[in-house]
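The structure follows.
A, B, C and D label the chains in the order they appear, each numbered from 1.
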Amino acid sequence: MESKNNWKAWLYLAPVIVLMAVFTLYPIVNTVVVSFLKDYNQINGSSKGFTFYNYQQILSPGGLFYEDVWLTALPNTLILTLITVPTSIILALFIAIGLNSIPFLKKIFQTVFFMPYVTNAIAIGMVFSVIFDTQTGIFNAIFGTYGFPWIFPVPGGATVAYGSALFSICFYIVWHSLPYKILIFLGGLQNVDQQYYDAAKIDAASRAKTIMKITVPLLSPQILYVMITSFIGAFKEYNSVIGLFGTNGGAFDKNTGPSSMKTMVFFIYDQIAKGKVQYASAAAVILFVIIMLFTAIQFKVSKKRVHY
Amino acid sequence: MENNYPNLQLVIKNDRLSAEKKNKLSLLGRILSLVLTYAFLAFMALLMIFPFYWMIITSLKEGMEINQMNPTFWPQIIRWENYSEAFSRLNFGTLLRNTLVVGIFSTIGTLFTTIFAAFAFARLEFKGRDFMFSILLATMMIPGEMMVTTNYVSVSLLGMIGKDNLMGAYAAMILPFMVSVFYIYLLRQNFKQIPNELYLAAKVDGKTDWQFLWKVMVPLAMPTLITIFILKLMGAWNSYVWPNLIATGNQDFWLITNGLRGTFSAAENINDYGVQMAATVIVTVPLLLLFIFFRKYIMRGVSRAGIKG
Amino acid sequence: MKNTRMLTLTSGALLASVAAICLSSCGGATYSDQVLVSDDPTSLTKIVFFECLGHANEGNLGKIVSAFNEKYAGKYEVELSKVAGTYDALHDAVNTKLTAGEVPALCMGYPDSFSVYMGKEIDDSNIYRLDNFIDDPTFGFTAEEKKDFVPEYLAEGQNYQFEGTWSLPMYKSTEIMYYNECYFAGSNQQNLAKFAANTEFAALNKAVTDKGANPTDESLKALKDWVKSHSGYAYELPTTWEDMIALAKQMVADMKTENLENIEFYPVGYDSDANLLISQFAQRGIPFTVNDEASKADPTKHFVFDNDEAKAFVNTLVQNVKDKLLITKGVLGGSKYTNTYFTNLKSAMSIGSTGGSSYNVSSNFKVGLAPVPYAAGKKAQYIMQGPSICFFNNSNDYVHKGSWLFYKMLAETTNNTKLSLENSYDPIKNSCYETTEYKNFVAKHDSELKYDIPFHTQDLRDNYMTSPVFVGSSTARVEIGNVLQYICNSNFSTDEAFAKAMNSCRAAA
Amino acid sequence: MEIKIKNLTKVFPGNPKKNIPDTTAVSHLDLDIPDGQLLGLLGPSGCGKSTTLYMIAGLKQPTEGEIWFGDEDVTNLTPEKRGIGLVFQNYALYPHMTIYDNVKFPLTNLRVKTTKKAVKILDNQKIDELITNNADEIIEIVKSSVYKEKISKDAAARKLVFRFHIVTSLAVKIFRLGLHLVPADELSAKIAGIKAELAADNQKITEKFAKHGYSLNEACECLTAEGTTIIETRRLSTSEIDGLVQETARLVQIDQYLTRKPSELSGGQQQRVAIARALVKKPRVLLLDEPLSNLDARLRLQTREEIRRIQRETGITTIFVTHDQEEAMSISDQIVVMKNGVEMQRDHPQDVYNNPQNLFVAKFLGTPPINTFSGEIKNGALYIGEEKILSSKSFTEDKPVFVGIRPEGFLADEHTKDEDKVFSITVKAIVTMGRDMSLVCEHDKFIGEDIKIIVDSDIDAKIGVMRFAIRPNKIFVFDAKTEERIRFEAK
């Protein structure tokens, strides 16, 4: 039985394994290999052998990319992640709970909140850069901060403070990542047994308390799931940067933070574009390790908090 | 000491107030919280909807107006021509055909691979199951774009690239996206929730795994499968990079998005924005409808899948 | 936009395995000095031509292609592979194809891209050295034909990391200054209209117009003074960079006197930081990049712009920007064009490519054209732009021949004229400028901006310049273009900015 | 707390669009539950008993009628304000909280109204008492509570709490005294020292109170200058909460599971936790909604007794909803049998069985169920078919009737005189069940499957027609139309 099952199982997995092997694992292996090749020549695939040079250039102070990675890409990536993930999760939670508690207009709201998910990212990015435009953006019009640079500097005048650029991009990222989270949370909420709420009612628990002490803990599996996936997503943030700040990742006052919004993946692409695949690969591997670590930590931390 | 506590007199917070006062208060509270909830939701909804509003009005504006430095919240002259032009410029027939072919086949393919894998991971015992699964999950953490490069070489070596090789192009656009770790994960969770007794019962009735999968599991997981179907279809509708790579230099292979970007590339006149936005609206609307119609399923599917760590 | 970018970057890496694939697929033809075969193929040979023309400008290319296919029916057939988007997108597309071992025959684009196809080892080059084709006794160019080419255009094709001619011009453009005529004397339409009723003005104006096309100074000066005193604008059109800056100062000052200083106004807009610096460096003899023995040995030696003159000049620019005399695409954050300011009356002058005239048209005012101001006391030099064409290292000799024949047809005088004018570019042969098509076209100037372009560019041609091309030259362009925004937007010191730029260049070498 | 329910009615509005008619779950129900009683709401599922319960709990709003707790009208009060405890059918324990937190949860929302006390002194006194009387035992316990080769504070505290029924904080204090560290011979000295400290401490506290102008009586309550105690309403202190939780836990005997999660407990234990959570806040009324339905037979019996015991000990007025007659019978002081939202009969358990007011009640109670025949009353006698079962002067008018005879109502032993054997039935099968034996019989007037008769196993039963005498107190006659009981004296 056991052994019979064994080969059967592999049979069931065969399609996935084959496809993954060709289109996922092989490229990954390839990436790792290239990341260890010295002076990898893209024209004829030749290289000057195995080396840690690429990693040195990225990791060691004084390496070619020390500034790009340690002073720009990594900080940006981390800051973006640490801001957008919690914010979006909390917002999504509130919205989901709200949606779950209202008597009417549910459907309409649901639809509205899901719209960004079904919308072509191409257009949205452009629309947002218009919204945040320093001179002409609606954002300035609404908040009456005319001439205060959000993402583009005021010519010859004020420079873009890192903070405001950060705000703009976080706004965009959160906006874009909300719908899916809301969806998951709503799903979770609909699984919560009404009796828990009745019980809480009888125990004279206030609304807020019910949410904090019962709803949220009961959602913890969903929260953990969303947290991990969106952490991974945030670490891979790239399109939003291009969408808002253009292909040079913006240029902000370096006294207020990194001078551009370039992220790790941005750096990776940049290197590929310049044909420096070996650096790109090395960076990709490093990013992968970082993500791994974060995910592991989250699992550890959540062990206690999450009930299954 | 122990006899100290029984004679504590417990009361609720505002017990000094009379009954109807209490009720008034609680009623007030309920109304207030409801109002606040609606306000909050409405505000968020506004933020959500604004870019779409902008997209739509831009799609009706005239080039000159879009180019203006202080944006107008409503087009001065409504220009429907943008739409007719968008239609005329987009080779809609071909684009739609390609998108549907690629979308539907890759979706169906995904469904099959997902069902099989999820079943194996959720029900079957075999060595290295958890290891395999964790590997699968791990692949989700890798910047996928690193793979695009190598994959293109692969498909070209597999002979799927060629000026007139439409079938090849389809294959190339479909195959790499026929596996989705996320959906496998989702469905596995769903399968796991199906009580093991059913499985054993089926075994007792002499059903094979295969029959059990199709006769019991799949029907039970239908909502999730429908969800996966819809989400995947949406994904295909929005996918850009890979198809664009495959369709390089041959517009007959373009999918909707490629058509969108290709036909209205930034290189061309800014005054195109109107038409561009019109085209975007044209592309967005079907998905929106799809969602509105299937909202129920999507919601139910995801909730049924009940993601658990 | 972000997606093309993504494509850019990813497909760059496709080159990683290009060689391997090529070797397997192109039978290992690596020697790049090929000769044309004398005979023609017995079966139809396809010639894939990668282009990225906007849908508005494909007309004439299409005509040429069909003409060619007709002429060589059964032998050669040119197939247009349109790549949507910018030259970057095209570049990536070609890379992609090369990776897949699908080698095109021809491709339009910029030398920077070609040098990448060429690579560092001449024997691994994916494109051909074309001298053998040009000099081919039967199919090549005759001596007159060679002479007929605008020399600068041919010269560009010889400016690569290796000796010889590696690309041929398709059609060319340069930069030009668009200005808002309301601000300048001579053709001050709107002010004129305003004063038309005034008799005193009418008299002066008559004095000018009676003098005919080129009025003598004093009468014109009288008119100008009058206009100025009546708070109209009547500025001198600047010819040198220094004049332009001075004028800008003047304008800002005038705005103040008329209490308009709180209106957003930047006299000069420059749409390409890179072009600004590269051309000004060239005119001022400030080194930028080089292709020499040293750089052959050590590629990082290509980049020589980290010097005091360069920094000094950049500093003056930074000052100008701070004084709100000048804005560039860079200081606007890198993704906004200055011509938006121009068309919205927030700039008086906008310097950009002659190809982009359509961006500088505005219903608000009449646009004038003038040469880009050059460094005072130096020889004017204008960046040369516009696509060239390169030939790919293809296993099939007939493809090369077909490609060559097609290029000849494309470079043929009338064809090239039509093709160029349609895109408001300049044709590549002197003879083109004698053709009736060209004359008619130019004759229509003043009726519409795109007709004015060639009218104004024809006399700039002798002062065209290009910067050396090599692997990493594109990075050099990008980085020098970033310097201004590093300083103005990111508060880097000039030294830091240059160091940063140099660092990136070195990494790309 | 006495509960009065007046004319309680609940109508669930239907949906005319989908032509679903209104459904009346409860109609004009009047109940009156004396203080400290346990009332069983009995009825088949869908008879509206749960709805009634939820209305009393305040989770459902009655369409009309009133609910009174004592002399307070709670009809329009929200649940939390009614001070009730509700035990759900599937317990609704919060899966993410430990048992302790689950039980504690209601308390965190409550206030306590009590006299201002010098709690610390009380604690000190307790410590004093303990170390004087149980020092050795304490040391015993502390030393025994070893975790990972180390004496663990928590374990020790838990054990002390368990043993001495004290508050956790107090247990920790005692542990901190470190009695287990001092060698045996110095112990008495140590204890003396501690006692001295405690005394000093108490002294200090008393003085502190004195500063604020309070004196303390022997109960350690603060007395003002006028010598009156001070009543304060405040949140419960952690030790008060702990005390209540421990106490309740002990009451339902789950005090050793407090640190576990619900999922780690058996059904019965979860059940007790649910009860504890309902009781811990000292509700005025305890409501149980089918509390035993999720338990297996054995546990059910056990827990049933538990609930009874607890209810007795706490003396809380309790309403207990069930569809299981045995359950209801065994624990209720009073049973209300309901059918389609209408009260059928209210009575003491045994009376409901012995003395059903109508056919429904008669049928619903008793296993095996009562045997119903269609008979008729003819000139003062009751006939089933042709056989005259009995005659009574109460049978005045002739009419068709239903006759219900309890399975144990048939007599055929040798003491029964043949002339009394008035009823002849065809025995189909004989099933001996030890002391009793059950006869499966048929009769053409019988309504339903087949007749079940329980008789002593010593009578000689045989397949075929048998004649039986009928125990008069086991036979009930019901009007065929109204199904109401027709009472009579057998002569």
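Going forward, a residue touches a chain if its C-beta (ideal position, glycine included) is under 8 Å from a C-beta of that chain, and two chains touch if they have at least 3 such contacts.
Just so we're clear, the structure is a prediction, and the values are computed from it rather than from any experiment.
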Any chain touching chain B and chain D at once appears in the list A
Tell me, please, which chain's centre (mean of its C-alpha atoms) is farthest from the centre of chain C?
D
What are the two chains with the top count of C-beta contact pairs?
A-B
So how far apart, in whole Å, are chain A and chain D when each is placed at the average of its C-alpha atoms?
54
Could you grab the centroid distance between chain C and chain D? Build each centroid from C-alpha atoms only and quote it in angstrom.
91
Centre-of-Cα separation between chain C and chain B, whole angstrom
43
On a C-alpha centroid basis, what's the spacing between chain A and chain C, in Å?
39
Which parts of chain D, given as residue numbers and ranges, touch two or more other chains?
78, 80-81, 109-110, 281
Multi-chain contact residues (two or more partners), chain A:
121-122, 135, 204, 268-269, 272, 277, 280
Would you pick out the residues of chain C that each touch at least 2 other chains?
1, 3, 6, 9-10, 13, 16-17
Check the chains against each other and report every pair that touches.
A-B, A-C, A-D, B-C, B-D
Looking at the complex, which residues from chain B come into contact with chain D?
1-2, 4-6, 8-13, 15, 19-20, 22-23, 26
Report the residues of chain C in contact with chain A in the complex, numbered from low to high.
1-3, 5-6, 8-10, 12-13, 15-20, 116, 119-121, 124, 126, 264, 266, 321-327, 330-336, 471-472, 475, 482, 485-486, 488-492, 500, 503, 506-508
In the complex, chain D touches chain B at residues 72-74, 76-78, 80-81, 83, 107, 109-114, 122-123, 126, 165-167, 170, 233, 236, 240, 243-244, 247, 281-282
Please give the residue numbers of chain A that touch chain D in the complex, ascending.
193, 195-196, 198-206, 209, 213-214, 217-218, 220, 307
Considering only the defined contacts, which chain B positions touch chain C in the complex?
64, 67-69, 89, 145, 148-150, 152-153, 156-157, 161-163, 240-241, 244-245, 248-251, 257-258, 261-263, 265-270
